[in-house]
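For reference, chains read A, B, C, D and E in written order, and residue numbers begin at 1 within each chain.
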Amino acid sequence: MSLREVLTPFTAWKHVLDAPVTIPDPIGREAAERYRGFHQNDMETCIGCGTCEAICQNGAIDMVPVEGQVTEKGDSGLRPMIDYGRCCWCALCVDVCMTGSLTMSNEYTWVDTDPDAFRFIPGLEEPWKDKEAGYRREGGRELSGTKRSHMGELAPALRGDNFSEICAGFTREEAILEADRCVECGLCVATCPAHMSIPDYIAAVRDQDYDRGLQLLYETNPFSEVCGRICTHKCETSCAALHEGDPIAIRWLKRHIIDNVPMERRLELVGGAKPANGHRVAIVGAGPGGLTAAYDLAREGCAVTVFEALAAPGGMMRYGIPEYRLPYDALDRDVAVIQAMGVEIRCNMRVGRDIALDDLKRDHDAVILAIGLQMGRGTRIPGSEGPGVEKAVDLLRRITAGEDVPVPERVVVIGGGNVAFDIARSMARLQKATHGTVGVTLTALEDRAHFLADAEELIEGAEEGVEIIDKRGPQEVMRDASGAVTGLRSWAVTSIFDDQGRFAPAYDQADERVHEGAMVIEAIGQMADVSLLGAELTEALDWNRGRIAIDAGFRTSEPWLFAVGDAVKGPDVINAVADGHRVAQSVMERVSLQEGIS
Amino acid sequence: MRDLHANLKTRHALGPFEPRRANLGFVTVPAERLRGLLTELRDVHGFTHLVLLTAVDWMEDGLFQLTYLMNDRAGDRTLGVRVMLNRDEAVGEDMHDLWPTAATYQRELKEMFGIDFPGSPRVDEEFILEGWTDLPPYRRDFDSLAYSQQTYAERPGRVTHDPRAHMKSKLYPEG
Amino acid sequence: MKDIDERFQKNRDRTVPLREELRPRTVTTPDGQEILIEPLKDYFCEAAPKVHPKAYFQIVENFYNWARANSLWILGFGTGCGAIEMRPLMTPRFDAYRYGVQWRPTPRQANLLIISGYLSVKTLKRAIRAYEQMQGPKYVIGLGSCTINGGMYWDSYNTIKRLDAYLPVDLYIAGCMPRPEALLAGFMELKKLIRAGKAEGANKYAENFATYKAAQKSVIKDWDMPDYNW
Amino acid sequence: MTPQPGFQWIQILYALATLFVVLNYGLLMTALVQKIAARVSGRHGIPIWQNYVDLVKNFALRSQISHGVMYYMGPIFRLSGGIGLLLFVPTIYGLPWAQNFSFAGDLILALYFVFFGTLGMALGAGESGHPHSAIGVSRGLSQTTAAELPLALAVYAIAVQYHTLNIPQIVAAQQGGIAHWTLITNPLATIAAMFAYVGTMMRAPFDVVLAPQEIPIGPPTEYHSAYMALMQTNRAIFPVAKTVVYMNLFFGGASNWLEFALKVFALYLIPAIIGVVHPRFRVEQSIRFFLKWGLPVGVLAILVV
Amino acid sequence: MLSFQPDRSQYPQPGPDGRLEVDLETGKYLKLWQGPNHPGITGNMSVELTVCGDEVVEGKTHVGYLHRGFEKLMERRTFIQVFPIVCRVCVPEPDFNEYCYAAAVEELAGIEVPEMATWMRTLILEMGRFNSYMMFLGGISGSLGLGLVGQWMTYVRDLMLDRFEELTGARIYHMFILPGGVRGHLPEGFAARMEEVLQTAEKYLADVDRVMFSNSVFRLRTEGVGVIDPALFERFGVTGPNARAGGVVKDVRKDSPYLVYDQLDFIPASGKDSDIFTRVKVRRADIDNSIGLIRQILEKMPKSGPVMARLPNVLHWKIPRGETYIKGECSRGEYGYYMVTDGSGYPRRINVRGPSYTHAMALLEHLIPGTNISDVAALMVSLHTYPPEIER
């Protein structure tokens, strides 16, 4: 113990003169820029998907309805309520948030005598609501994938001259990757007209349990082959993953399930119909609405007969949608399952020509009209009457039926919907096969961003050589002296709707163009052919703007007659399927009621 | 490591060697050969450091797995020695004379899994829990959340809504 | 998160045997009397505290409350993680001493018990004992999520979920864990409560003693503890 | 040498006045020293009036429990030790009303009072039944005894030096400048006494009696509420009183309140300065320390005289 | 000189089951509890002492006050959900848990971590080690009554916590090392502000050297006290600074380099005497190591690059069956996670191997008998034990 050792400790006393390092006023001191403090939520961006609740390992988050937040497609109207009696500020909820609406401020002081006060809905009126500083996740959403999984497609060069199916469907690996991205929020279910159990069957893909997946599909939709290919997939527009990445490819996953269950296994999984109950139902039209109703009713034990005017069942699915989007054998497999339920489909039986509606009424307990929209609408512009101007639906039907259609070197299509693209791309294929070149011009009133057709139609159409010209209003079909079509004259569109939102296109007449072509195809809409009803019934039925009026149960004003599908509602296959279920339910109600009486 | 395994394999009736990394592997040994193996590893092969002793509950198979993790610092090798015990009457062999620290692990295993180690000091004394009356909590058939809910008062008043069901009730209640 | 196993039923039949010296017994006193003593009841957990009235004159009570507010003596009992944020308070950066906050090593001299987070059943027993040893008026602050509704240990078999079922809590501070600054804000809030005469947890505990004890006993099976173990 | 006044009733009032001054001074000074020590750590420390608030708070606590009569008496003994010590030494040399009862007491009585409080406390704390108190008491008694040894020797040395045990006379002998202080005239005795002073001020390295990290916090573990308040009062008075004794014996006393304040503060600061930068001795280490360093110096002081 | 050594032969001897026969009725012995509410105890644990005079004849460590059943809770949580709770296992140095857990998951799931993230992880771990040592110095000085050092060290630790806050967004539980990488990049100007903290730390540490290590009283209290015989190291599983203080230079960072330690330059501190003083001294030297390492990392680390690997959707993340053990050198010794997966979305079992488990239980109980009551706190602190990692 040297003297030095005794004395050195006292050197510490030099600090007595230093100013204290104490923070003068620590209460409420600003925390660091990225501090994970109290939550904030942007109410407008939040979609109430509940992913934050799912990931919270503390069970701190409840999804609750909030005044002012409306439940609508793609937004559950729920908002997270956080229990600060549970939260640990790990910010996993922020990291996983699908929209990036949930963030954290760097506020951290909350003192209260009431333990129940520590539950709050961020985004309402907390004092730190608009604070800028605080934890924001670095980069984008990383805890669930943002990029859609790759899927094989035929290259434009390989598909341009034939009707082979373009999409290969997911491989198992691709499907698992894609299914893995789903967060199972279930927002899509409300948007799907048929309310399919989307998250559940995606989970089945993830678990590689295709049997379970198929059963889930058939619970709500007997047309999975079809919908797995050509569904308008409105579900994907309300997918939570859409907000900071690609939406989940729900349609392709559906197709993936059906692709992976062989036909015989499907029948096994779906199971047989209930024992016959003695009721007989006639359905006019073997489209998606009619066949879905037929499927449901047959499973309930009814004897169902479907009368189809054309040579094969499927309606627009067969005669409207080109083969490259929906191969006929895929449709056939769906129809086969339906037939296996005991549904009798009688083709080439046009009601009103081959059999009278009255006969149907007499022989059956109920009749469902599912006649669809088979007649194309015309533009009624000068020159549109006469040869060389075709309706898209007619042409498509003829192509499917294998009839010869004229294939000029240049064709003009009027319309910007899926049908317009179907015919444009079909004609392009025929031209390529016949002439080796493509000469299709597609004109539409809308601008590119607002085309009614699916986005991939525009891309793929362009890839296949279709010239897409937006914002053109057709004015006249030009004909030469011989009356042969030479082209279409059009004006530029300045607006489509008037102030009241009514359809009233306005044109810039100075911007006039002539689209050259030996054929003009009108694809601007369809209408139903209701001639089969006969005058008496037409008179007796209630009508609504040219369509047969129906109630929520798809009952017409005649108790024995029901109507479903595009003819009364539209607009696509999945809606027809959803309505098919509903009309079947109504029919069942009616026939069981009759049973009670008799 | 593979050489070591080949060397010991027949003498100690070892199972196949399962490498995880270059310096980490696992091997299974019958319960009755354990002491011999551990002693040889410790005294001959330089695995002097008992890193940890713990158990894994393979309830479905009716087994407890005891893992003795042994480390040879000089050679930077770690060997996990696994012993499978019958879950219904799990009795392990006391190793506290080889490593005094093993007594602590064994006390914990007794309390948390119910695996007995006869002869281990203070093995029957309460270690972590106090006044515990239920199943040993680390067993798989003990449900922590259920126990918690049945025991501790929770603050009432929390309700959550499933987005899917909520949207159904709001948008399409009929079907 | 794994779903709850609905079949699981907690074992309610088994009880913990009492230590020999805690069992009720009769003893003969030196003067020949026979008395029955029940240690558990007599000096562990069932000796009910008294409700203490406020000072007769409001002005005196106000003065006392002012003094109580400005002399908060905290029991240095780190019951959980939050204790680590108490240390900065005692040290230069935050220096709570300047606000009249000090730490005492023994519960007898402390007025403020800070439950710094989760309480395992084993610690709950000690915390209750420490609380009962403190002299009134005494205050309890619950730190962080765990004291409010179980926090991140909400599904643990060994931690309580809500502190106010077992002890009267005056104040909660949100956080996991709350920062020292938030703790200071909590102290200031507690001072306000004390000055306003609203921090009467000790009396609340005495008034509802039976309720608190019942809750404590439903959780703590084993009341065995040495005389001077807190 | 000033004439010795006899006892008059007014002196009781005077003594109370002194007590009041010393109490307040003690409360403020201990807080100030705490603040200074806190500065070394780099913080502000308690507000200067904190001791008052604590005192009121402890009196204001509503509940208290007792462990028996001796337990109850403990703080009272302690306080009377402090007050007794103060009352039998002159606070200010030459100031008539601050002479207390110094005419009646002498150095031996003062030393008795130093021990009195400790012993009383020991009995009371022992009664509390807390093992930490008991250990603290046994540590405290053995350490204080060892620490007081050099003081006893120093007192013996100055008694020999000044041929009296009467404190006023010892103070009187040191008047007339710093050169007359015992510090200069008998430095060895002063050093020996300072060993005892530092050793009994309950600061590191000699605070193992209270060591919170080992036996929180020693004898007063079980004391609370008003008991605690009494002890706090004592803690304000006793160190000052003790310092006054040392000041009178070795540092020439104080002839006015300012000198008193400065000298007491300076003396009080010594253990604080040492304490802040040292850990504590174990009890047997501190005893050994006193016996090894304090005792020889004391013996030497006597020999020199 | 006086001898204070009592006659050991009078003390009770442990029976074959390790239990001591102590008859408290004789009045010769006293039961003394240190903790859980006790300023001399680190964290919420307790040591039950049987004392005879000032000498301890038996010490039993009691833990479980902080038991939350982590290993059970982890089995109930998905792989991402485990991430926020692991750090709670050890309060003063939480990052090590995050690293070990993340590394175990990455190894079993076969995830490659970007290089930038490994540097960031090393940085975080060294900052955590620094903080843990600051707590240690405060603790050991406090337990000996030298509160001043504790005040300074807590201040310095606070400054480092500010850097933590700025980097990770939290003060204590950083939750920054995520399976797959880390959560963010260095903020702008971080290195400069870190350098400031390190310089302040060095200034204070120089003062600590003067007040503590050249303090005769401190040396008297710690030299030759609490000696662990190096021959016992292997049997008691002594690792880290405790072993290094006894001349066994064990350091996982050197023995089995992980993260980027093989690219960094440092020499693990070591000593010979294996007493409290050497243990403190070794840790003091390791602080200098940490400071140097932090500087090296900030200098050598890449300036940009991704910090997260591509993870599968964490909401249904499954990891194939396997088991592994990940270890590292934390401030107290070898820290490890033993993890078993069974192919489901939940870990089958995770066992946390904290160095305190062996240090504070078997070793402490072995060391306590024969020491003075006053030394128990210092002895325990000098082993640098944190109760939460014993009971988890």
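Methods note: a residue touches a chain if its C-beta (ideal position, glycine included) is under 8 Å from a C-beta of that chain, and two chains touch if they have at least 3 such contacts.
Every value quoted in this text rests on a predicted model; they were computed, and no experiment measured them.
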item: Chains touching both chain D and chain E; value: A, C
item: Chain located farthest away, centre of chain C as origin (C-alpha); value: A
item: Central chain (distance from its CA mean to the mean of all protein CA atoms); value: E
item: More contacts between chains, A-D or A-B; value: A-B
item: Remotest chain, chain E as reference, centres from CA atoms; value: A
item: Rounded Å distance, chain B centre to chain D centre (Cα mean); value: 61
item: Averaged-CA centre spacing for the pair chain E and chain C, given as whole angstrom; value: 29
item: Where chain C and chain D are represented by their mean Cα positions, the distance between them in whole Å; value: 37
item: Between chain E and chain B, distance of the C-alpha-averaged centres to the nearest whole Å; value: 23
item: Of all residues in chain E, the ones touching two or more other chains; value: 31, 38-39, 64, 67, 69, 72-73, 75-78, 81, 84-85, 148, 151-152, 155, 173, 211, 215
item: Per-residue multi-chain contacts in chain A, two or more chains; value: 9, 12, 15, 20-22, 31, 57-58, 83, 85, 88-89, 115
item: Two or more partner chains touched - positions in chain D; value: 38, 40-44, 131-132, 212, 216, 276-278
item: Each pair of chains that touches, named by its two labels; value: A-B, A-C, A-D, A-E, B-C, B-E, C-D, C-E, D-E
item: Residue numbers on chain A that touch chain C, as the complex places them; value: 20-23, 26-29, 31, 38, 57-60, 83-89, 108-113, 115, 118
item: Residues of chain E touching chain B in the complex; value: 17-19, 63-64, 67, 69, 71-73, 75-76, 107, 234-237, 239, 250, 255-256, 322-325, 327, 334, 336, 338, 340, 348-349, 351, 353, 357-358, 361-363, 366, 391
item: Chain D residues touching chain A - in the complex, by the definition given at the top; value: 36, 38-44, 273, 276-278
item: Complex interface listing, chain A residues touching chain D; value: 9-10, 12-13, 15-18, 20-22
item: Of chain B, residues touching chain C in the complex; value: 129-135, 137, 141-155
